[in-house]
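In what follows, structures are represented as structure tokens.
Each of the next two complexes has chain A plus one other chain: chain B in the first, chain C in the second.
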Partner chain A sequence: MIRRYLAFAVLRWSLRLAWRLLKAAVTLGIVVAAAPVSLVAGYGVLLAWLLGWPPRRLYTGALWCLPMAVGWLAWTGLRARSSGLVFTVASAPYHAWLSMWHLAAAGSVAAAAVTIGPAAIPPGLLAGGLAWSYRIYSMQTGTGGLTPSAPVVFDVRQWRRQVRSAQARIAAPGSVPLTAKGCVLPGAVIRAVGHPQRSVALLPYARLRSHQVVIGTTGTGKTTLLLRLWAGFMAIALQRYAAGSGRRPLLVVLDCKGGADSRRVADRARRVLRAAGARSTAIWPDEASLSIWALPPNQLITTLLDLVEHGTGAAAYYTDVMDTVVSLAVGAPPGPPSSVADFTGRLDPEWLATAYGAGGHESELGLLRSAAGQVADVALRFRALFRRLGPGLDGPGTLADADVWYCILEGTAEVSVAEAQARALVDLLASYMTSGAGRSGVEALLAVDEFSAVSRRLPVWQLYERARSLGLAVQVSAQSWQGLAEDEDERYRVAASADGGIWVLRTPHPEPLVALAGTRRIIDTARRVAGTALWMDDGSSRVRHVPKLDGDIVRALGAGQTGYVYRGGVTYIQVKRLVAGPAALTAPPAVPAVPVWGRAELDRARPEPDGAGGLPDAGPLLDEAFGKEPR
Partner chain B sequence: MSDGPFGVLGLPARPDLTDDDVRAAWRRIAAATHPDRDDGGDPERFAAAAAAYTELRTRFGRGEAYADLTGPRHDNAPAGTPDVLPDVTDPVPVPAVERDRPGRRYGTAMLFMLRIRRGRPALLALRLAIAAAISAGSFALVGAQPAAGGLTIGAATWFLLTARRDLAPPG
Partner chain C sequence: MTPGTEVQLTERDLRGLLFTAEMYGVQLDLLAGLLGLSTGRARPVLARWRRLGFADAARLGPGATWVWLTRRGLTACGLRYTAVPPALSRLAHLRAVTVVRLALEATGSYQQAGAYWRSERRLRSRMAGRVGIREHLPDAEIHFPDGAGEPYSGECWAVEAELTRKTVSRTAAIMRELLARTGDYGCPAAEARVPGQPPRHARVLYVCSAAARPTVARAAGTLGALAARIEIRDLPAGAALDGPPAWGGREAEP
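Right, the complex of A and B next:
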């Protein structure tokens, strides 16, 4: 019995070995017979392996070789006799193959390669693509490789090579333009999971018109990405506007970090956006101001109350008192206030009594009598608030004055001030969008950078809900998931509403985003290892769900690398830096007759009060012509 | 590169000028060139200075004018003008209504030469040399055969597809 079993086992082993040898021999025969195709395929696979290409790239290469094959066949057809045209063309690959072997046998290897080239390269690249695709598949499913760790090593190595290829691509000056075919091109694709595998990422304009979230820690290239998205938005929107198919774009950036760094970014943004076609960039509050007094009275009351931080519990009483006083001041018969001075001047019981004393305002006078004791306190709070807020919200100026408003909020130095400013600016934007000018003529993008600085009092998710009907898209960026909002519910609300996609740069806690990106099904194969890391033939496969966004990759992303999560897929992108032009000014001035003055000369050149100086005093003349000069 | 309105007022092109600096420069030029002067002034220069003052009188205006000057390098920038930033300016499509097109000024051929010069001319030349070598080598090896023609078409296709990466973007 044992002997018969052993004989059966030996027979089975022999048959398996024979079958394997037969398969190997047939494969080897085909590879040798089709040596040129095999060589091209091998070269293609090697190239794809070394450069981290997806199989699609080899397929595309094969497709682009078709003109070569067609040209070769056409020339062959032209040389053939008309009677045997079809046969000659159809048999051209065979004859080329035959000639190749003859030339190779005669030692003319180069001539043999040229002879078979047009026939071998397209199918070779196609075969290489198929082989590379199979290799990736076998590694992903765990059936490939010589050792158990092979799939992991393969994936890590391929990521490294894909990054290198993407970096080389963005280094080429003409490979990643800012826009193409109505899409913004953020950079070169490193890897795509669940998205089409392209060499360059394409972001349709409609996504920029939807809400987006950007998350990444400092130094990960967040500003670079944002600048590119803003410039792309501006460029495409202006093209559409010029073509009559879109409305005028308006970009409002709230940079909630503040300080010198924000001002450097503002300067860079201005130059980059100018190159993208923006006519003017207003930098608030350094160079331009807006007026909250332009808000409709009811909105103005709400905004003014929101600017002041209120307590809870017993403090609610004072909130109501403040509400009453502010309503009386704003709704007074002379009309809404036009400036901070006007408003704070109204926070005076006597002024209010006079304003409402003309008759017909008995209820308001009753309210005033009740709140009279608190008016001075309310005035004190608003005076302190407006002193801290500065003149940026006291006008003049409206959002219609510029294509881009870059608003710098000192969120790092003065959080409460930045929160109040952000609140007021968002209210101004919402009001502008609901007004006639904004509603009918503007496509706006509100970008809130370093959102965590103001997230406590800026309910962006409330804006989300009505933004679409206003024609307003909201883009929020934060350093971390926790920076998106105060509590987890709001964070999920903000992220889940980002129907334009989520940009993930390096962040130490990507788990919530990994969960939001979803999973994909893969086949996971377990094989038996016999002894020293040698595979046996048997094993089992099962379907497994793995996250589309790889948390470990996100934690290790380099500067300028990002994962774009959109509709159940992720595209990892190497962002191309958008560089403004040189700031060096080397050429001589346009009017050489006028000397260029330094600071000392400027100081000396200021007109003397008594008219002394090198030139006659034309002050009175100028004042008459251009108005009195303010001193 | 011109200093634009800064130059008209004789001011250095700097974003940190104050309102007083600009006003002082304007008043000085206006006093010297006003048409109501006894000598008739210089109306042309006065008008230019008035326009420049209008542009530069606010900090916002000065920032905008400075951004104009320091925007993407003009095509007629002197050779060797140093870049503060080492990268090349990214291709940015500019709406026709907003900007004058370089093609209008230079013509397509000149514009193409500029794109080559601002791109990676060495790599472009290398690509061209490879494509030419493949074509010439094919004909040299097998003569005027269909295979040589096919490879020439292939090399040309490869060159046309890949060369644009080495060209600077238009505009």
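Right, the complex of A and C next:
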């Protein structure tokens, strides 16, 4: 019995061995017989392996080579006699193959390669693509490799090669332009999961017109990414504007970090955006100012009240008093205030009594009498507030004055000031967008960098809701998941509302984003190991869900590498850094403020009894240039 | 250009290249007008500039092709501007300013006075890229050199081409700033407006579109006596980006 069992086992083993040897011999025979195709396929697989290409690259290569094969067949057909045309064309690959061997045997290797090239390259690349695809599949499912760790090692090495290829691509001059086909090109694709695998990432303009979130710690290339996105937005929006298919772009950046670093970024942003077509970049509050006094009166009252922190409970009474006093000051008969000095000057019971004393304002005078005792306290709070806020919100200037507003908020040094400034700036932007000029003529993007610094007083859901109704896109960036908002609910709300996608740079805690990116199904195969490089035939496969965004990859991303999460897919990108123009010269040293020189001072300085100061009449010259002017 | 090939530039080439460099970029019909050619005859000139690597050209918007100088061209002109194509958002404005310049330079009084056009690009380059929003740059300055018998000798005019309406207050603020300025552009901030010093701009010339003119006129009205130093004129025909060619509109020469 034992002998018969052993004989059966030996027979089975022998048959298996014979079958395998037969398969190997047949495969080898085919490979040798189709040597040119095999060579091309092998070269293709080697190239794809070394450069981390997806199989699609080889398929695309085969497609591009197809015209060559068609042309060659057409040329062969033209040379053939009409009677045997079909046979000649059909047998052309075979004859080319025969000629190739003859030429190779005669030592003419180059002529042999040229002869067989049109027939061998397209199928070779196709075969290479299929082989490479099978290799990737077997590694992903765990059925390939000699050792149990082979799939893991394969993936790690492939990532390294893909990164190297992407870095080489962005280093090549002109390979990654800022925009193409109406899309922004952030950089070269390292790897795509659930997204089309392209060599260069394409971000449609519509995504920049939707809400986006950017998360990455310091030194990961967040600023480089943001500058590229902003420049891309500006360049495409200006192209659309020039073509008449879009409105004028407006980019408002709230850099809530502050300090010297923000100013360096602002200078870089100005140069980069100028190269992208932005006519002017206003650096607020260093070089430009805005005026909250341009807000409509009702909005101005709300904004002024929001600028001041209020308590709860019993303090609500004082909030109501402040509301009353501010409403009286703003709504006074002379019209809304035009400056801080004008507004704080009105926070005086006597001024208010005089303003409303002309008659017909009995109810306002009644309110004033009730709140008269607290007017001085309200004035004190607003004087302190405006002193801390600085002159940046006291005008002159409107958002229409520049294509880009880079607003530096000192969120690190003075959180409460930055919060108030952010609130006021967002109110100004909202008001501008709802005004005639903004509503009809502007496509705006609001980018808030280091959002956590101001998120306490500027709830992001409120910002998103307002932005959506105003046709304004919001881009929020933070150093970490926790930096997105105060509590977990709000963080998820921010991330879930980012319908333009989430950009993840290196961060130590990517788990919530990994969960948001979703999972994909893979086949996980378990095989039995019989020894070193020896697997048994039996095993089992099952469907398993793995995250699309790999948390370990995110933790190890290098500088300038990012994962773009959008609609259940992830594209890892090596961001191309924008090279700005030459650095601006340093600003001239600060000089004592020159007093505003009004008409009176000017007239005193240069008396002009006849208006033009005795200047000759420019009419003749101007009439000659522009035609007679009716006088 | 192959090594050893000599660059043959005519006086007309030099005039065109310098003009184009100063104006950021020029449309081909205006360039043809400047060179005294038809648009068709200006094309070979442009093609030669491109062959020499001095200029580049493309259709950037409505109307004729835009021409601008490359880094090589700017270097040849001895200008240290950044070589960039005209910004798309400024095409209409650049055309309007160019038309104004051509209109003025075509007049006998201007030529007789030997006036000199100092472009915004030159002014901006003097500011070394640090133009704050609070400081307004005119679209150009016209300098009339000192000379006996010339009516505007020694004067400097600021030129503003207004296509779109600003607010009256903003326009008036710009007018005041231009009229009150005493220092050259790029001078230390303390010298920009010095009480007691004569103003830099004897007048400000506003050349306006029909849409912008009422606002400019109202803004000038708020200046009181200073309004006498404001000159307001309509933009010449052909200043619009998508309008009919203004200069060099002769499509074919006999």
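Some points to look at:
Going forward, the second predicted complex is superposed on the first by the 562 of 631 C-alpha atoms of A that agree within 3 Å, B and C clash if a C-alpha of one lies under 4 Å from a C-alpha of the other, contacts with A are read in each partner's own complex, and residues count from 1 in each chain.
Throughout what follows, contacts are C-beta pairs under 8 Å (C-beta built on N, C-alpha and C of every residue); 3 or more make two chains touch, one makes a residue touch a chain.
Predicted model, so just to flag it, every value in this text is computed and none were measured.
Within the superposed three-chain model, A:Thr217 lies out of touch with both chain B and chain C [touch as defined at top]. In the superposition on chain A, A:Ala242 makes contact with both chain B and chain C. Of the two partner chains placed by the overlay, neither chain B nor chain C lies in contact with A:Ser291.
When both complexes are overlaid on chain A, the residue A:Arg279 reaches chain B and chain C alike. With both structures placed on the common chain, the touch criterion links A:Ser91 to neither chain B nor chain C. By the touch criterion stated above, A:Pro396 is placed in contact with chain C alone, chain B being left untouched. The wider contact with chain A, measured as residues touched, comes from B rather than the other of chain B and chain C. In the superposition on chain A, contact is made by A:Pro118 with chain B only, not with chain C. Legend: residue contacts after superposition of the two complexes on their common chain; A:Trp64 is shown touching chain B, with no touch to chain C. Once chain A of one complex is fitted onto chain A of the other, the partner contacts of A:Pro177 are limited to chain B, with no touch recorded for chain C. Residues 238-239, 241-242, 271, 275, 277, 279-280, 282-283, 287-288, 581-582, 584-585, 587, 591, 594, 597-598, 602, 605-606, 615-618, 621-622, 625, 629 of chain A contact both chain B in one complex and chain C in the other. The touching residues of chain A, counted against chain C in their complex, run 238-239, 241-243, 248, 271, 275, 277-280, 282-283, 287-289, 396-398, 401-403, 581-582, 584-585, 587-588, 591-592, 594, 597-599, 601-603, 605-606, 608, 610-613, 615-618, 620-622, 624-627, 629. Residues 1-4, 6-13, 15, 20-21, 23-25, 27-32, 34, 36-37, 45, 48, 58-60, 63-64, 67-73, 77-78, 81-85, 87-99, 115, 118-120, 137-138, 141-142, 145-154, 157-158, 161, 164-169 of chain B are the ones touching chain A in the complex. Interface of chain C with chain A (complex): residues 60-61, 82, 84, 87-91, 103-104, 106-110, 128-134, 151-152, 155, 167, 169-170, 173, 176, 179-180, 188-190, 192-193, 195-199, 202-203, 205, 207, 223-229, 231, 233-236. Listing the residues of chain A that touch chain B in their complex gives 64-65, 67-69, 71-73, 75-76, 79, 92, 96, 108, 110-111, 114-118, 121, 169, 172-175, 177-179, 231, 235, 238-239, 241-242, 267, 270-271, 274-277, 279-283, 286-288, 576-587, 589-591, 594-598, 602, 605-607, 615-619, 621-622, 625, 629.
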